[in-house]
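First the structure, then my questions, so here it is.
For clarity, chains are labelled A, B, C and D in written order, and residue numbers in each chain start from 1.
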Amino acid sequence: MIENNKMILTATTANSWIYPEVKNWAENLDDLVKDVVECYEAGATIAHVHLPRGQEVETVKRIREQCDIIIQGGMSSDIIPDRKGDFKAKPDMLSIILNHHDEHFTQINVSRLHTLDELEEYCMKCKESKIKPEWEVWNTGSYWNLNYLINKGLLEPPHVLTLFFNWPGGTWSPPTADEYLHRIKYMPPNSLHSVSIMGENQAKIATLAISHGGNVRVGTEDYPFIKRGKPAVNNAEIVAKYVRICKEMDREIADPTEARKIMKLK
Amino acid sequence: MIENNKMILTATTANSWIYPEVKNWAENLDDLVKDVVECYEAGATIAHVHLPRGQEVETVKRIREQCDIIIQGGMSSDIIPDRKGDFKAKPDMLSIILNHHDEHFTQINVSRLHTLDELEEYCMKCKESKIKPEWEVWNTGSYWNLNYLINKGLLEPPHVLTLFFNWPGGTWSPPTADEYLHRIKYMPPNSLHSVSIMGENQAKIATLAISHGGNVRVGTEDYPFIKRGKPAVNNAEIVAKYVRICKEMDREIADPTEARKIMKLK
Amino acid sequence: MIENNKMILTATTANSWIYPEVKNWAENLDDLVKDVVECYEAGATIAHVHLPRGQEVETVKRIREQCDIIIQGGMSSDIIPDRKGDFKAKPDMLSIILNHHDEHFTQINVSRLHTLDELEEYCMKCKESKIKPEWEVWNTGSYWNLNYLINKGLLEPPHVLTLFFNWPGGTWSPPTADEYLHRIKYMPPNSLHSVSIMGENQAKIATLAISHGGNVRVGTEDYPFIKRGKPAVNNAEIVAKYVRICKEMDREIADPTEARKIMKLK
Amino acid sequence: MIENNKMILTATTANSWIYPEVKNWAENLDDLVKDVVECYEAGATIAHVHLPRGQEVETVKRIREQCDIIIQGGMSSDIIPDRKGDFKAKPDMLSIILNHHDEHFTQINVSRLHTLDELEEYCMKCKESKIKPEWEVWNTGSYWNLNYLINKGLLEPPHVLTLFFNWPGGTWSPPTADEYLHRIKYMPPNSLHSVSIMGENQAKIATLAISHGGNVRVGTEDYPFIKRGKPAVNNAEIVAKYVRICKEMDREIADPTEARKIMKLK
């Protein structure tokens, strides 16, 4: 972890799992592309996009026509057969959870089981497709699986991680400073980390990441408000807020070209 | 957590998952009963026993004929249909993992998915059978599920927990002092905790639990050695060692009668 | 500690002890008063002022003529006989270190010994003068002395504390998140805390305080730069920066009237 | 810090500052020498001795005639002019506090101010006399001063430290696991640490040190009881208890010859 390095800012543009009533996210492809482009213009480095099933290729293509933002395909808990379209669309990155998922959202529960065999297959498919995996880390157990894959020689550094906080369910972790410090302490070497926080403590953990050389992910999927109780106009408004916070805290934001170099994307 | 309370010492008599070659555990019912009785005589309060499938009733009966030790039925990751014999045998307690299991042992991998519905059913069946659930806690996500069950009114205090450390796989956590402090910080109110640690750092975490008012579980399943590199003669030797450590650290050990009162067993 | 309460922002207008070459602070009374008033206009709640020796009364009077900012008399390590003018000037608050001082600055070393008798006398003189003591906390030992004074009945809540980080010398502490969490963990009940941080990690600790319901002190004495390597134009520029950060982090700043109520000033 | 290294066990034979009524320590030279020899026979590696003023030379001589224990001259807060006898007696080691002392004992208060100049002089006098300084660490500020001396080239590694916990007064720190972890985190490289704990939590911190590769100091000065409420027969009884605990926790104790090598005594 190098302090004072440039920060990579990810915008996650999907629907909020815990505030489904807010509805300030795109619900069709045109709006989704527009939202991503606005995030780019506001300063985001990466767009975490739930590529609409069946339209994965088209979505990636349309975003790339309009801006240089790094595209990260979401829905990390899906099994490989359900992500064929993601692999075909060849986004720059693909999100993958590092272990089981047990989520208790407002309108849906997710219980997904990712075995080590499945994770190994994910590594190989990403390698073939020249897609960088973004590993989703829920607790120190995620690191055990990641180290297993690293030790098997299946991954190239740097390892790009997102640490999750306060997602409800059996993989929950508290959105507290001590949880953040505990989580980064056990990261494998050669890792870059971002943070994803649901709920009102987002700024608490995000500013910690900014001051500790980490990266930040924000957007409607994680916390669709611009301040307590006030929904954001759109994702670009949330991105712009974190661009301002970074500036005040004396960290510059990497543009996509710089971030591609930092993360060694292909 | 009340400091200086009497300590509950659990002996786990099963095979070691990570040192399968040691073989200093019972492999038939006669030896198992003998081993448990010796643990009782050495000072153990609870026997965590993997009741042999098909012989659950007989095993509980034979142990009860010979000593007063509290019997805790193990194989916590098994699904309910596989534990019919456990419920029928009516041990004092039953171990249940609070979330998914992802274990990578020397000779076997376990990938088990416990949904909230399954946990609710576990609660109800334990209540019916007057068996106290012992909840297995792997990370802060386990607490989310536990709080969910508590908030639904499905459980009576005190909640009896075992915190696991260094079990290999995707639910791994480091056997470190800071992990212990972090884990106990987020326990629900009205909880009693014990610790189970695989590997050479067992004494590190066990002495922490002793000094923080917690309880301890030891035995061949967790760490079959009496000191680094030297297999224990039997579980009673391991129990006797921790009885001595407790005494030196000025904590008394609860006998089964006292422990039944502390844990409000029925 | 109540989260989401209004934040009290202190501007410390004195010279920098570790960057004496920067010289962006007032060096005469006219400039000092002007600087304080500008801080008030930029949003500061409290001015921590090293009242010029011999001009204490006049300084307080001139500031009060121009604005309502809360005045806190500095030079907390001075012994009581040297602070007669401070007591006479009757600022709202007076800074007092809670134990020995051992500071190694660029141009001067301070080795000051505050005994418990001296601290007791400080309490009594503050009570007589209706001045609120602001207690300076350097480590957990400071809390021992504070609890001693509280237990003797010499103080009325709330206790207003400033926690110091990275001041060089034998009372140094690291400007790290874990030091901050450790320090606030052991605070006596009924305490309000602010933070004072020397050096480039100021924003790291200040944002932690903002997100944990604490208060912040900034200004030329602590860190005279507006960003790494760039001296602030004046203290008001630094104050304005932290007003913006608070706003982005969704905490409002208390005005002097509100802060007088929060701290129960007389 | 190397785990599983041999442990150095120090017996501190002086009077208890906070339980003055216990009186289970030597009060004349004959008894003191006898007490130290018994500690050696019980397994202690170092004797921390308050060499009686005026009898320093004789005390060291008489102990050396009877056993090989490493002698560490105590009264670390005394100023250099008061320790002439200590230097003349040439014990193996000399205890020196790394900063101010502010202690509030049952019958006496100590307010001592050690400036950096005084610490530098201490370094030079120790070097001349071929005495190893044992540095007493009360908080992270102590490390600042130690690093200052190291950076000036005044000290040779390894640096032998004792970390103090729960000594009442303005240099107090809590006898808690998180304080221990925090303190060892900021130690300078090439340091060996021991711990000194007053009060009932001694075993809590001592077992932590044992499990983290640290060393332990016990004896009447720190905690004159063998268990809660029961005074020790003598220091040897306390030493024997910790010898047993070390054995149970799988750490061997260094004999004086081994410890001289580990600490590079001359």
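A few notes on this one:
Operating definition for what follows: a residue touches a chain if its C-beta (ideal position, glycine included) is under 8 Å from a C-beta of that chain, and two chains touch if they have at least 3 such contacts.
Worth saying up front: this structure is predicted, and the values here are computed from it rather than measured.
Chain centres here are Cα means. That of chain A falls 40 Å from that of chain C.
Per-chain CA centroids place chain C at a distance of 37 Å from chain D. For this pair, chain B with chain C, the centres built from the Cα atoms lie 51 Å apart.
Taken residue by residue, chain B touches two or more other chains at 178, whereas all remaining positions touch fewer. If you sketch which chains touch which, the chains form one closed loop in which each chain touches exactly two neighbours. Under the contact rule stated at the top, the pairs of chains that touch are A-B, A-C, B-D, C-D. Residues 98-100, 102, 104, 109, 111, 113-116, 138-145, 148, 168-174, 178-179, 182, 185-186 of chain A touch chain B in their complex. Interface residues of chain C, counted against chain A in their complex, comprise 4, 177-178, 180-181, 201, 203-204, 207-208, 210-212, 227-228, 241, 244-245, 248-250.
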